[in-house]
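I have a structure here, written as structure tokens, and I will follow up with some questions on it.
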Amino acid sequence: MSAVVPPPADPAAAIATPATRPGGRLFRLRANHVRAVLAPLVLFVLVIWLWQSEFFHNLFGLETFAVPLPDRIVEAFGDDSRRLREAFGETFAPAMIGFVGGNLLGFGLALCLMALPPGLGRRGSALGAAVAALPIMAVAPIVALWIESELWFKSVTVIIIVFPSMLVYAYRGMTGVDPTALELMHSYRASQWQVLRELRLPHAIPQIFTALKYTTVLMLVAAVICEILRAHNGLGYEIHDSLVSFGTARAWAAVVLLGLTGIVMYVLLLLVERFGFPWALRQEQS
Amino acid sequence: GSSDDDSGDESASTGSSTTASTTAETASAPVCRGDDIRFQLSFFPNAQHTGFLVADSRGFYRDAGVNVKTIPGGPTVNPSLQLAQGNVDMAMMDFTEAINAAANGAEITWVGQTYQSDPLRYVSINRDFPLAGPEALRGAVVGTQQVGELEPELRGMLTDAGLSIDDVRIESIDPSIETLLNRRIDVLPLQTFFHISQLQEAGYRIPGDIDVLDPNELGVGVAANGVAVNNAFYAEHRDAVACFLAGALRGWETAIEDPRGVQRDVEGAQEAGLASPEATAINIEQTIDLVTRRADGGTSEPLELDMTYLDESQRRLLEARVIEESVDLGELIDPEPLARAKAAAGS
Amino acid sequence: MIDSGYNRTREAMITAAIVIGVFAVWYLAAGIVAAGDDPLANAKLPYPHVIVERFFDDFSSVMSAAWTSLSTALLGFALGTAVGVVLSVLMVQAAWIESALMPYLLAAQMVPMIALVPISQTVFKNDTATRLFISAFITLFSVTVAVVRGLKAAPPPARELMKSYNAGRLRTLRYLDLPAAMPMLFSGLRVAAPLSLVGSVLVDLMGGSQGLGYLMLAAQTFGPAQATLVWVAMFVLLALGFLLAQAVVFAEKILAPWQPAMRQGSH
Amino acid sequence: MREAATVQHDHSAVATRPATVVATNVGKVFGSGASAVRALEDVSFDVPQGSFVSILGPSGCGKSTLLRLIAGLQPITSGEIAVNDHTPDEMRKAREFGIVFQQPILFDWRTVEQNVALPLQLIGTSKEERKRRVGEMIELVGLGDFRRHRPWQLSGGMQQRVAIARALAFGPRFLMMDEPFGALDMMTRERMQTELLRIWSSRPGTTIVFITHSISEAVLLSDRIVVMSARPGRVMRVIDVDLERPRTDEVRKDERFIEIETEIRDLIFSQEHA
Amino acid sequence: MREAATVQHDHSAVATRPATVVATNVGKVFGSGASAVRALEDVSFDVPQGSFVSILGPSGCGKSTLLRLIAGLQPITSGEIAVNDHTPDEMRKAREFGIVFQQPILFDWRTVEQNVALPLQLIGTSKEERKRRVGEMIELVGLGDFRRHRPWQLSGGMQQRVAIARALAFGPRFLMMDEPFGALDMMTRERMQTELLRIWSSRPGTTIVFITHSISEAVLLSDRIVVMSARPGRVMRVIDVDLERPRTDEVRKDERFIEIETEIRDLIFSQEHA
């Protein structure tokens, strides 16, 4: 019996024929990438320029002691670089611990909820989400009563602030799977764990990444608020200290540092998502 | 500063012990017809604001011809920044904050001094740290409520005792006595108008269970609470500021006369249930003590601008490096509106 | 059959067991804390009934504070969601718009309220506007991140279908992308809804003289004797947050009932 | 086919009618580098105005891709396609194409009725007209009892019928159908064939491009059949079906019918041994 | 079918073999209240051990639903199904079923290879064995060049073939196939039929339940055909196909073949006028 299905194509045929039009796919792709990098840069330069020329200050009636000009912030960076670097470490360490811990906790709780009946699970997820309503200002002081170490006090607070988002997103991502795909898995009598690993988890990837991206913001904000309220070190403390003593340039240097950290984390996550899970971001292929 | 002000110039810049009241006879009474004033409190409304709260609840501001909107503060509100940005017209803050703001270019003027002595006390509840005198601070974990550089009072005490900053461990803390009670620190600076009652409610007898160091007695106190006005507002509403002070003066005088009688006014402004009536009574009593008693033990009228005290305070702040350069107090401070307020009261 | 076998009584029993378990652990822990001679025992972990007592003692002030917070939250939530959706729609129009705007949105979120509030007060020169801005600002980001992702969720073949009708961007958005983004949007909303309370609470703290945030922070600064009030406010917030999250679940059931997870009997 | 195609239609010889779709040396490559797939190569054929053209070919030979190219849904890698002397994209923008994709592509958030109404809504048909046409089409595909059901509550064949109704309701000048009857049982399939021919004849000038795996279906329905080979997809032969219309079920026994069927069958199986 | 089914198989008369699937008065209702759909009603039939049973019936008559009930994937509303004297659920848990669903249901996060490997991974087949079997199956369905492609890069028919490979790789005792060849061209279809029969005969004891819309495919492949009617789905007739195996393409011209085909056709079309 010979192959009815078309014979394997000659290997040479599988090699890409170069795009015949010069404005073809490769070029378009690159143009897109260039624009994606260029656009924020151009906007950045524009914003800084307008800021430095006091355009925003005039527009909104801001005082330069309240929102310092970029050159002053850069100066502050230079003047206080050592201090800012130390402060950054003091903020980033607990933020990171809280980020990892909070996301793990949120994910773990989502798994626990999946073990419950659906109705109850949904309610549990709403209860988890409600924890997000606890303002950091309320949580931090109580945690501070219990934990003496500044590092761990901040970390635990960040965990409490971070975990609800991951809980909600992960639970929803894992429960939103196609029922027939579930049937397929059940037909193999896949264990709960296998269904989780092979189906629910990959399916939840977009939602999980959304939670991760979002909690990068939360982790820094939470750590900073801890520092403003109770702990007295780190970037939050620098900001508070500078603001109260009218050293706004240093405060904004710290804010800029925070913003940069957030952006870097976000971009890292974006890259991990794009290259680690290309199928999750598949766009129209043409 | 109030550059067009001539009456205050002399007294302020000489640094003599004259006070603003000396100009009272020459000042003219202000006339106000319902000017709006946004007045920022230094904290959540509490007994430290007694006079202002009384003026508000009893309509003294209205009687003086100004329409005052009292805005609460809190740990996340920085009154000097709010004032400098013009988000409020007048604000209550510590002298330290005002001088710092002015040094950084904020256009504000100091028009009244609420506290005539330093409200700070260094206390220990820890028997391992009997605070007989500043020398006892050696090796202690000392809390500081003020962000930024060290409290000038602490620095003064250490210097007096022949100690350096390396002999104590400084830990910044929030404006609450929980850290002290949680035994995380040995020595806490607390505010007489706020924390003494809290310690008493926590079961401590004062004095007795607690050792106290008083910066006033040790000669290291600095000026605290006072009132400042935004210069742009001041330029347009000179009379209104005087009228405000007139209303406030009446409020404080009422409180001094009958501390028990104004308790209701304070409780009305303070969030219900936050302080027991007993605590509030103690706080008012302590506040009035601060408002009327000078650091040297003499008595003072409310809101008096004691130039000697303010000059001395600036000197301490410079010493403690809270500020880098001295500020021209003649620029910062304007006693005229207070004088006119008194003239109004007199007429 | 698969995943079934749960019924309402079973659900109720599990719920009851969990609730009882939580209270048991709580009482036990509070008992242990109280047993030591810690002057801050009631701040660290008060007994549940102490919190309930305090709640009823200060019932009217707590309730009025709760209402203040809730009303601001709802307004901020609505505004933040609206702006967030519009912003996301803008961003998915082209990769370069997203990559140009997202960093600023991110960085803006990092500016601590203590710096942001006075600035926005200066800009808006109006208290109500500032309050709304701050509370919307807090919800904005979580909605935006979710919706941006959701708007990319429609399968390419469905997009081709719309293209074959020459549906254009707006209509593709309306008929395909927005409905397809619903699951993500509602995830975002479920996170954002309680968060809008945080926004509101923040606003309470920044010059408001009422609201749960005000109550809570004031209680905290007014000494350990007030600590139970902090716990009361926390639980009221938790309850409000739960109600808001449930409201989102309810809204989703009505507005986006087609999702697999909502179908009868499925998980 | 029981009572199929008893309707009238223009059946002048296919070859003499003017071409409306002209594909010239069309090539399409997916991806690049080592994993590139040459889906189509050097594909040329044309579709006469108002005719019914079927595409036959082995799985993966590029039929669906070709359909997408004609409809202006994907960029062509090389070569050219003209539709009424316009680019596919222009024609797409003029909303000339009604497409039944290989997968039904129904929106879960719309009921059966609303899914069928979608294109009408998009082109802005009035509400009454929409209601009328949607109702008619739903009856036509035999889903009258399922108007308000959601896609996931339908069987596979029912979903496909919804997709067919959606394309027909819209009344486009070009109907592009990718195995529309693949998931239907014989009886339903024959009924749908009849209905398709009826609708086609009632809308003169409508051109149909039809992908199928059934040779007899292709012969029965088409004016012209394009037979493709796989990897890369090429046109093997273009066959004009010169059977009289209307064609009844009897035509299956027609000598010419069997001849064409056999020709295609042989053509296809000749590949096997290539 | 060219050289189909030259393989050996147990072809003792179907009726005499012991039943393995026994459906008794099975009913299935979806939803409740006014919008309830009675998908199946009073369905009884049985599947002899090691036999090939096809289910034929109009679109929406409940074939896919019936398959799900047999495989223990959905609860039965009334009646009973026993599989080897066990409940379907018990059999499912014993991993006795390999199912090809009507939709391919491939995981986007897995390549073709990995999709086929999924069930093997789940039951813990060793790595080498897995690799071997997956490779074999992928060759069998003619996707050797697409091992590392992702599902969305495949044509409709290719996706369906991946699903078939996945079910076969797993080697279950019951193969349940829901229109597995629906999206395949004739040539590929015939090849797949042959391969299916080959695999079936090489694994004695394997029972196949097969849904199709092609009457001739059913007759060609099956030992028994269950013909269903629609709304609510009922069994119209159960027909044993007593044609000798192995059946070559020649069998299509067998008198008995045509007789059975005609019987089913008439049965189905009798419905139309009912």
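Each chain carries a letter (A, B, C, D and E) given by its place in the written order, and its residues are counted from 1.
Here is the rule we use: a contact is a pair of C-beta atoms (placed from the backbone, for glycine too) under 8 Å apart; a residue touches a chain by one contact, two chains touch by 3 or more.
Given the structure is predicted, the values throughout are model-derived calculations rather than measurements.
Chemist: Can you tell me which chain pair comes out on top for contact count?
Modeler: A-C
Chemist: Among all other chains, pick the one whose mean CA position is farthest from the mean CA position of chain E.
Modeler: Checked the centroid distances; the maximum from chain E is B.
Chemist: With chain centres taken as the means of their Cα atoms, state the distance from chain A to chain E in Å.
Modeler: 47
Chemist: Return the distance between the CA-based centres of chain D and chain E, expressed in whole Å.
Modeler: Here the centre of chain E sits 28 Å away from the centre of chain D.
Chemist: For chain B, which residues are shared contacts with two or more other chains?
Modeler: Expected reply: 75-76, 78, 81, 85, 174, 176, 178, 182.
Chemist: Listing for chain A: what residues touch at least two other chains?
Modeler: Expected reply: 3-6, 8-9, 14, 62-63, 66, 137, 141, 145, 178-179, 183, 186, 228, 240, 243, 282, 285.
Chemist: Counting only residues that touch at least 2 other chains, which ones in chain C make the list?
Modeler: Touching at least two other chains: 2, 40, 43, 114, 118-119, 122, 156, 160, 205, 217, 220, 259-260, 263.
Chemist: What residues of chain A sit close enough to touch chain C in their complex?
Modeler: Chain A residues touching chain C: 32, 35-40, 42-44, 47, 60-63, 66-67, 114, 116-123, 125-127, 129-139, 141-142, 145-146, 164-165, 168-169, 172-173, 175-179, 182-183, 186, 206-207, 209-210, 213-214, 217, 220-221, 224-225, 228, 236, 239-240, 243, 251-252, 255-256, 258-263, 266, 281-285.
Chemist: Applying the document's contact rule, which stretches of chain B touch chain C when the two form their complex?
Modeler: Touching chain C from chain B are residues 43-46, 71-72, 74-78, 81-82, 85-87, 174-178, 181-182, 195, 197-198, 201-203, 271-276, 279.
Chemist: Given the complex with chain A, which residues does chain E contribute to the contact?
Modeler: That would be residues 2-3, 6, 68, 71-73, 92-95, 97-99, 101, 103, 105, 107-109, 118-119, 121-123, 141-142, 144-145, 150, 152-153, 170, 187-188, 190-191, 194 of chain E.
Chemist: In their complex, what parts of chain A are in touch with chain E?
Modeler: 1, 3-6, 8-9, 14, 178, 180-181, 183-190, 194, 198-199, 202, 205, 277, 279-280, 282, 285
Chemist: Can you list the chain A residues touching chain B in their complex?
Modeler: 62-66, 137, 141, 145, 148, 228-230, 232, 237, 240-241, 243-247
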